[in-house]
Structure formats: structure tokens, C-alpha cells
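In what follows, structures are represented as C-alpha cells.
Shared chain: subunit A. Partners: subunit B in the first complex, subunit C in the second.
Up next is the complex of A and B:
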């Protein structure tokens, strides 16, 4: 799955880092009819976790209420330099990951 | 012309005009309101056992969302709080699956505002619930009017 994760390369110690994430995903509702009159199976990103050096930042449960190509923006205060890891999983079991390295100065 | 209420967003002229068009409600409609409100039956049903104890509607939780949207397919929302929040829940009671998201927030992000884009099936109140680190629930709610819904079903 294609995604874009935007985080600052450097932040000052004690200050929050702005994180923005966009994932290319149809967030299929399970009601849309295809050309051959079958119905597209429901397929949404169900869980997403963001961790920084194994510390939990954000754990999301979501579903059909989130728009297609989910966008998330949040902030967190990195205690030290390290890597922000984001993982998600959809109904079909497909997983995706994105990462960004943040250096604390 | 009134100034749009949301401070964070980059309100386009179109959105500013929409807010003016709402007129009677003015800019207050784009933010959570501070009236003494309680959870509706639909919201209680959607939440089930997730939320226990009293829910306080107060300034501890702020929900920013457009008061009027052309379609329900992608409506920007933002929740924030001056308190340290451990969990956020967003409820759209008239959606087929009313819990829009349920977010557990780690200590590193305790004061983080959270923004995303949601789908709405109908004109309705959107409810944001934030649980502080001490366990108490705070809420804010805002009405979003749609001119067309997200294509949730045949309606």
C-alpha cells in the first residue's frame, strides 16, 4: 500500500513534532456495485498503530466512517532521537508500514 | 463579515461564505457548543459499555468541524484538548457503524490534537469524547448539515 508520512527531520528537545499521514486505500464500504453487478467486498483499514522507539504514540481503531485515502494528523513529543514507525492492517489482512526518522536537538 | 470560528484551519473564502450562509447560527455552529447537553439515546446505544460514568460537556474537549458540507464523503474534523487525553472516540450516531474512530493515545502524544477526514451518512450531530488520564470523560458535539450523504447504502 502506498502511503506518505510527513514528519520533521529535526525538532527541539521537549517540543512536539507534527506528523501527517496519508494512505492510499479505497476504504471500501461493502455497498458499491461493480460493473458486473457484483458488490465490492467491504475492505477498510481497521487498525493503525504509531510507535516511536517501541513507545506507543497512537493506536487507532477505525472503519467505514473514515474517508477514502485516510488522512491523519497528530503531534507527539519525541523524548530522544529515533524512528517513528506506523503500521496498519485492512479487512483483507493486507498490512502497510511507513517510517520517519526524527532527530532531537 | 464574520470571522470563522476555527483558528487552526485555513478557511477558504467558500467556507467563510458557507458559515455566513448559515446566518442564524453564525460562527458558533462550526465549533462545539457549550450548552448543557446530554448523550442522545442513539449515542448511548452506539457507545454501549465503552463509556461508563458521567460525561461532561465542557471546554476540556474541543471539536472543530464544518457546519455545512456539500457531501458526506470526506469531512475534515479536528479534536483537541488542553488536558492530557488517554483516549478519543468520535461518534456519528446516524452512520451504519456509528463509532468513527477509537484512538488510544500514548503519553508522548497526550496533548496532541487529532485531525482526520470522516464520512457521514446524514445530517447529524458529531460527538467527540475524550477520556482524561484520570479517567473522566469529556465531550463536545457539533451539528453537520449535509446537502448529499456519503453513499453508504441505497438511500
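Up next is the complex of A and C:
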């Protein structure tokens, strides 16, 4: 799954890091009729978690109220240099990951 | 009195059509100019622009398949659309010609992630560069494709009896169904439209315009659509490429 995770390469100690995340996903509601009059199965990103060096930063429960190709922006203060890992899973069970390295100076 | 009023009504649309003149170069503006500040901010920041997802897809594909022949990705997109002996050819056609003859793979479908990816990456690489159609304008004007494109541009069609020129040359900047009418340039395509919830090509947008006019929508890949795209690029003059744009 294609995604863009944009985080600063370096931040000053004690200062927040601005993180932006866009995920390529149709976020299918499960109500839309297709041309053959069948209903497109629900397929949305159900859960998303962001961890920094195994410490939870963000946990999201997304539903059908989120538009396609969701965009998330969040900030956190990295306690030390390390890797930000983002994982998500959609209704179809497909998992996606993205990572970014942040060094604290 | 009654007959005179009817006569005036008959004359009025004709007189209006005569009043349409090309947009002066100094007044040329891409569709971005007519969007809300929110969408313009979203477009300007690569971290927020959802079209960049497809640029990433295209970047990977280009690195894997194309760099052996095409060292500089920036020079490719501005050359299209262009007039060839068989008619007008756009960037998608050129990509597909390469995919078929050089990579020996089946053609990529219109609006597929893969084709949109190539198109988005190449247009993004050429950001800020004007299309070649600006400098080759005089020779372009003698081609059959350009003349076809121009005749479609000015032809009134559909249930509402509209032409492309009527709105995009004559009424740009005014509002239609709560949307500001743009000048109809394609330098921002492929574009992420919030209405589509995805990236889409200039061809898709032009076909949507035909639907809006309640006219016959030309099939995907039609020669008339290509000619119209060519004429549209010529109309855009030296406007710089700014894809992937974000639109309502």
C-alpha cells in the first residue's frame, strides 16, 4: 500500500516533531452501488497505530466517515533519536506500514 | 412588438458568440487561481497534496523501467500534447507507446493507478516549465488536429447549446452552480479532485465537461478529445506546468 510519511529528519531536544501522513486507500463505505447493481464491499482502514521506539504515539480507529486517501497530521516530542513506525490494517485484512527516522539534537 | 422581441432573442445568442475573443496572454491563469485558499494551500504543500501519492508510484515505475533511455524526466511532459501525422497525441499515448513497443507489455488502461502514476510523475518533474506548444504555436496552427480541436472548442453542442468557448473564453471568473468558471487550462493535470476522491487525467475532466453540457460524451481515447486537448494546450500559451493540482 502506498503511503507518504513525512517527518523532520532532525528536531531539537524537547521540541515537537510535525508528522504528516497520507495513505492511498479507497475508503469504500460499503453502501455504494456498482454498475452491475451489486454493492461494493466495505473496505476502510479500521485501525492505525504510530509508535516511536516501541512507545505508542497515536492510535486511531477510523470508520466510514473518513474520505478516501486519508491525511493525518500530528505532533509529538521524541524523547531520543529513533524510528517512527506507522502500521494500519483495513477491513480486507491488508496491512500497510511506513517509517521515518528522526534524530534528536 | 411581439415579433420584434422574438427577433431580438434570435439575434442575441449569435451576437454573444461573436463577442468571444481569446484570452490575452497577461490574463492567462491556471485553474488554481480560481480555487479556494484551502485547496491552494493543500496543493502548494507536497506533504499535504494527495496527488503526490501517484507521483511516488510513477517515480518507482520510472526508476525501474524508463531511466535506461530517458535520463532526464523533466523534458518529457512539456512536449505533449503534440500533433503527429496520425493526429494529436497526449502524454498518456506516448507512455503507452513506450510500454507497448519498448517494454513489450500490454497497454495501460486510462485512469489506472499505473498510467496516472507515470503521468503524474512526469508532469510533476516538469513543474514550472511551459509546454512546448507555446513555442511551436505557429507550426501547430497549420495542423489538422489543431483545426479539429478549434472547431470543437467553438461548436455549440448538447441540450444546453453550449460551447467550450462560451464559458472558458467568455465567462471565466464568473460563477456557475457555486463554482468559479476557470479558463479551462490543463497544466494542473493529472489533478486530484475532491469530487472524484482520486487523481484523474485531463481527458476525464474534459469528458465530465461534455456530460455537464448534456452533449454526447466522446469515448475514452477518442481522436476528437485528443484534438481538443491539443487546442487547449495551445490556448494555455506559456502557462507553467503545476501538476498534480488539487481541485474541488
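As a convention for this text, the second predicted complex is superposed on the first by the 105 of 105 C-alpha atoms of A that agree within 3 Å, B and C clash if a C-alpha of one lies under 4 Å from a C-alpha of the other, contacts with A are read in each partner's own complex, and residues count from 1 in each chain.
By definition in this document, a residue touches a chain if its C-beta (ideal position, glycine included) is under 8 Å from a C-beta of that chain, and two chains touch if they have at least 3 such contacts.
Computed from a predicted structure; not experimentally measured.
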Per residue count on subunit A, the busier partner among subunit B and subunit C is B
Practice problem: Name the contact category of A:24: first (subunit B only), second (subunit C only), both, or neither. | Solution: second
Counting only touches as set out at the top, which of subunit B and subunit C does A:93 meet: first, second, both, neither? neither
In the superposed arrangement, which partner chain does A:14 touch: subunit B (first), subunit C (second), both, or neither?
neither
Quick one: is A:2 in contact with subunit B, with subunit C, with both, or with neither? Answer first, second, both or neither. second
Should A:56 be classified as contacting the first partner (subunit B), the second (subunit C), both, or neither?
first
Requested in this report: Give one of first, second, both or neither to describe whether A:66 is in contact with subunit B, with subunit C, with both, or with none.
Outcome: first
The intersection of the subunit A residues contacting subunit B with those contacting subunit C is 67-68, 71, 73
The subunit A residues in contact with subunit B across the complex are 16, 29, 31-32, 52, 55-68, 70-79
As the complex stands, subunit B meets subunit A at residues 73-75, 90, 92, 95-109, 111-119, 150-154
Subunit C partner, complex, touching residues on subunit A are 2-4, 6, 20, 22, 24, 26-27, 67-69, 71, 73
The answer for subunit C against subunit A in the complex is residues 47-48, 50, 52-53, 56-57, 194, 197-198
